[in-house]
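Please read the structure below before turning to the comments.
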C-alpha cells in the first residue's frame, strides 16, 4: 500500500492538476506533467476525458509505463479515436472544440503570461529557451491550466518575453489585442492552486497545499499575490491517486 | 475493321480534342467528351497522361465500358494514383500543378468566355442552366482546351453571362482582372480547331476539319472569325482512333 | 441561431464570439448518439442553413433528406458543392427555397433539371451560384474558425459580379488582386459515411468531397452510416478516422442510406430508378414531382419500404457494381 | 530561385507569376525518380530554403540531412514545425545558420539544447520563432498557392512583436483583428515516408504532421522512404496516398532513414544513441559536436555504416517497439 505522505513535488503537481479536469472535457495537453496528469485523470474519475496532442491526436489512452518522449511520438496515438495533421489538431483550438489547454511553464507573471523563449533581454539573452511550440496557439485560443514549480525566479512581476499570452497587461488588454476567447484559468504549483481576479486579471491564491502557509507562497513569488476571500486548503494526494500515477510513470520519467 | 469515314460529330470532337493532349501532361478533365477524350489519349499516344477529376482524383485509368456518369462517381477513381478531397484537387489548379484544363461548353464568345449559367438576361433568364461546377476555377487558373458543337447559337459575340472566364474583353483584360495565369488555348469543334490571337485574344481558326470550308465555319459562328495566316486541314479520325474510342464508350454514352 | 446563420449563408459572417459560443453550448463528451431517422430530423429547425455532404450522386445523405421532407421542414437554406436530385426534392417538396452551390441539375446524363428550372425561373426559389472551389473555401473558412479564406478564382467573371458576399482586396504582401470568400458555418450538416461508431467517429473510404470541412464548420452534425462499428475497431486504425466524434450530434444506421445515389465501395447509383425519376419530374416538374413524392417519400412507412419500392434486383445490381471498385 | 526564396523565408512572398513559373519548370510527368542519397543531395543548393518533414523525433528525414551535411551544403535556411537534434546537426555542421520553427531543442527529456543555445546566443545563427500553427499556416498558404493565410493566434504576444513578416488587419467581414501569415514555399522539401512507388506516390501511416502541406508548398521535393513499393500496390488503395507523384522530384530508398529518430509503425526513437549524443554535445557544443560529426556523419562510408555504429541491438529494439503500436 502506497504511503500517501511520501511523494515528490512533481507527483503533487501532477495529482493536483489532474483534479482540475472534468469528465467529458476536451483537453489539449502538452508534454510532461500535463500529458501525465490528463492521463491520470482519465484513469481515475474522467474515463470520458478526450486528450488532444499537438502531434495530431484525438482521444488517446497512453499505456502505463509507455509514456511518449514528446507529444509528437507514435506512443501518443495509442488507442486514439483519430490521428490527424498537426495543423488540423491546432485548428481545433481556433474553431473552439477544446475546453481546456494544459501546459507546463518556465516563467509566469502576475497576469499569467508565460515565457518559454528567452531568459534576460531577448535581443541579448542570457539563455535562449526552446520556444513556444504549440504554447502560443493553445493559450491564445483556449481556457488554460498551467502546472509548474513554485519558485521566485519563475513567478515574476513581468516575464522577459510573452511567449504564451495570459491576460497580457490585465483588465481587458487580452481581448483588446484581438484574443477574444480563452485565457488563463488555473495555475497549479507545488505550493498552491491559483486563479485570476475577474476584473484586474491578477493572480490570486485559491487554496494552499498541505503544510504551506500564505507567507511561504508569497515568499516564493516575485510579485504581490492576491488571496481569495476564503482561501481553502488543498486536500493531500490520496493513496489511490499516487498508486495510479506510479503505475503510469513507474520510471519517474516526468515525476522524478 | 472500323470504317474511318463513318463517325458521329461527337466522335470527331472526341478524337480531335484527344490529339491536343501531350504525353506527360497533367490534365483536369470535365465530364462527358473531355473525360472520354483524355482517356482516349491515354490509351493511344499518352500513356503517362495524368488525368484529374474534380471529385478528387489524380491519375485515374477509366475502364472501357465503365464510364462514370459524373466526375464525382467512384468509377473515376479506378486505378488512380491518389484520391483526395474536392477542395484539395481544385487547389492543385491554384498552386499550378495542372498543365491543361479540359471542358465542354454550352455557349462561347469571341474571347473564349464560356457561359453555362443562363440563357437570356440573368435577372430574368429564359433558361437557368446548371452553373459552373469547377468550370470557373479551372478556366480561371489553367490553360484551357474546350470541346463543343459548332453552332451559331453557341458561338456568340458576347455570352449572356461569363461563367468561366476566357480572355474576358480581350487584350490584357484577363490579367487586369486579377487572373494572371492560364487562359483559353484551344477550342475544338466538329467544324474546326481554333485558337486565339496573341494580342487581341480574339478567336482564330487554326485548321478546318475534313470537308469544311472557311465559309461554313463562319456561317456557323455568331461573330467574325480570324483565320490563321496558313489555315491547315485537320487530318480525319483514323480507324485506330475510332476503334479505341468505341472500345471505351461502346454504349455511346457520350458520343451518340 | 437559425436566422443568424441563414444570414451567414448570405455572407453575414458570425463574429468569433458568436461562433465560439455556439460551439461551447454543444456537449462534446464521449457519449453514444445513436438515434432514429425521425429523431435526427428533429435536430433540424425550419429556416436552418443545412450543409449537405457528398457530391452530385455520391454519398448523398438521401435518407436524412427524405426524413426531413417527411417531417415537413421548410425554409431551409441548403448548401452543397454540387447538387443532384437531392436539390430537386428539397425544392419540389417546399423544404427549401434557397440553394447555395456551384452546379445544380440531376446529372449530365439527363440534361438540365426541369425542377431546378421551374423553381428558379419562376422566382419560387433562389439558387446562389459560387464556383466549386468557392463553396469549398466557404466550408474551409468555417472549419478553421476563420471569417474568410483568400482565393484566386471567380475574379473577372459574372459569377463574382452576381455575388454580393465576397470582398476583393489588394494583397498586402504582393499587391495582387485576391478574393476573400466569407465563411459558411451551417446550423446543421448532413453527412453519410460507410462506417462510424456509436460516438460518431467516422471513417470514410474513397472520395471525401468536402465532408471533413463541412463537419468541422457546422454547428451541428447528423451522421447517417451504412453500419455502426465498435469503438475498438475505430481505435485500431485511428488514422482512418476522418470526422471526430466531438463534432457529431447524432448517429443513424441506414443501410443504402444514399439510394438511389451511390456510396463508395458499397453501391453505385441506381440508374434505372434515377432515369424513371428524371422522366417523371422533367416531364412535369410540378405534377411529376408530386407523384414521385407521394409514391416514394410520403408513401412508404419506412426507409426500408422505400428501398423495397426500388426493388431488390436494382439494390443487388448497384451493390455488385459498388463493390467492384475494389476488384483488381 | 535560392536567393529569392531565401527572401521568401523572411516573408518576402513570391508573386503569383513567380510561383507559377517555378512550378511550370518542373517535369510533372509520370516517370521513375529513384536515385541515391548522394544524387538527391545535389538537388539542394547552397543558400536554399529547405522545409523539413516530420516533427521533433518523428519521421525526421535524418538520412537526407546527413547526406546534405556530408555534401558540404551551407547557408541553408531550414524550416520545420518542431526541431530536434536535426537542427543541432544543421547548425553544428555549418550547413545552416537560420532556422524557422516553433520549438528548437533535442527533446524535453534532455532540457535545453546547448548546441542551439551556443549558436543563437553567440549570434552565429538565427532562430526565427513562430507559433506552431503559424509555421503550419506558412506551409498551408504555400501549398494552396496563396500569398497568406489568416490566423487568430500569436496576436498580443512578443512572438508576434518579434516577427516583421505577418500583417495584422481588421477583418473586412467582422471588423475583428486578424493576423495574415505569409506563405512559405521552400526551394526544397525533405520528407521521409513508410512507403512510396518509384514515381513518388507516397503513403504515410499514423502521424502526418505538416508533411502534406510542405510537399505541396515546396518547389522541389526529395522523398526518402523505408521501402519502394509497386505502383500497382499504390493504385489498389489510392485513398491512402498522401503525396502525389507530380510534386516529387527524387525518391531514395533508405531503411531506418529516420535513425536515431522514429518512423511511425516501423521503429521508435533510439534513445540510447540519442542520450549519448546529447551528453556529448550538451557537454561541449563545439568539441562534442565535432566529435559526433566526425564519428557518425563524416566517418561512415554509407548510411548503412552509420546504422552499424548505432548497432543491431538498438535497431532491433527500436523496431520491436515501433511495430508494437499496432498491438491490441
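As written, the chains take the letters A, B, C and D, and residue 1 is the first residue of each chain.
Everything that follows uses one rule, which is that a contact is a pair of C-beta atoms (placed from the backbone, for glycine too) under 8 Å apart; a residue touches a chain by one contact, two chains touch by 3 or more.
Model, not experiment: these values are computed from the prediction.
Rounded to a whole number, the gap between the C-alpha centres of chain B and chain D is 40 angstrom.
For the pair chain A and chain B, the distance between mean C-alpha positions equals 58 Å. Each chain gets a centre from the mean of its Cα atoms; for chain C and chain D, those two points are 38 Å apart.
The multi-chain contact residues of chain C, meaning those touching 2 or more other chains, are 16, 145-146, 151-152, 176, 178, 206-208, 239.
Residue positions 57, 77, 83-84, 91, 94, 180 of chain A each touch two or more of the other chains. Viewed as a contact network, the protein chains fit none of the simple shapes, being neither a path, a ring, a star nor fully connected. Screening every pair of chains for touch gives A-C, A-D, B-C, B-D, C-D. Those residues of chain A lying in contact with chain D across their complex are 31-32, 54-57, 69-70, 72-78, 83-87, 90-91, 93-94, 117, 122, 125-137, 140-141, 161-165, 168, 173-174, 177-180, 253.
Against chain A, in their complex, chain D makes its touches with residues 55-58, 81-82, 101-105, 107-109, 112-113, 116-117, 120-121, 127, 129, 131-134, 136-137, 139-140, 151-159, 162, 168, 176-179, 206-210, 212-213, 262, 264-265, 268-269, 271, 322, 325. Across the interface of their complex, chain B is touched by residues 16-17, 19-20, 23-24, 27-31, 143-146, 199, 201, 216, 231, 234-235, 238-239, 241, 244-247 of chain D. For chain A in complex with chain C, the residues that touch the partner chain are 23-26, 48, 50, 57-59, 77, 79-84, 91, 94-97, 99, 180-181.
On the side of chain D, the complex with chain C involves touching residues 11, 13-16, 145-152, 167, 169, 171-174, 176, 178, 180, 182-183, 205-208, 236, 239, 328.
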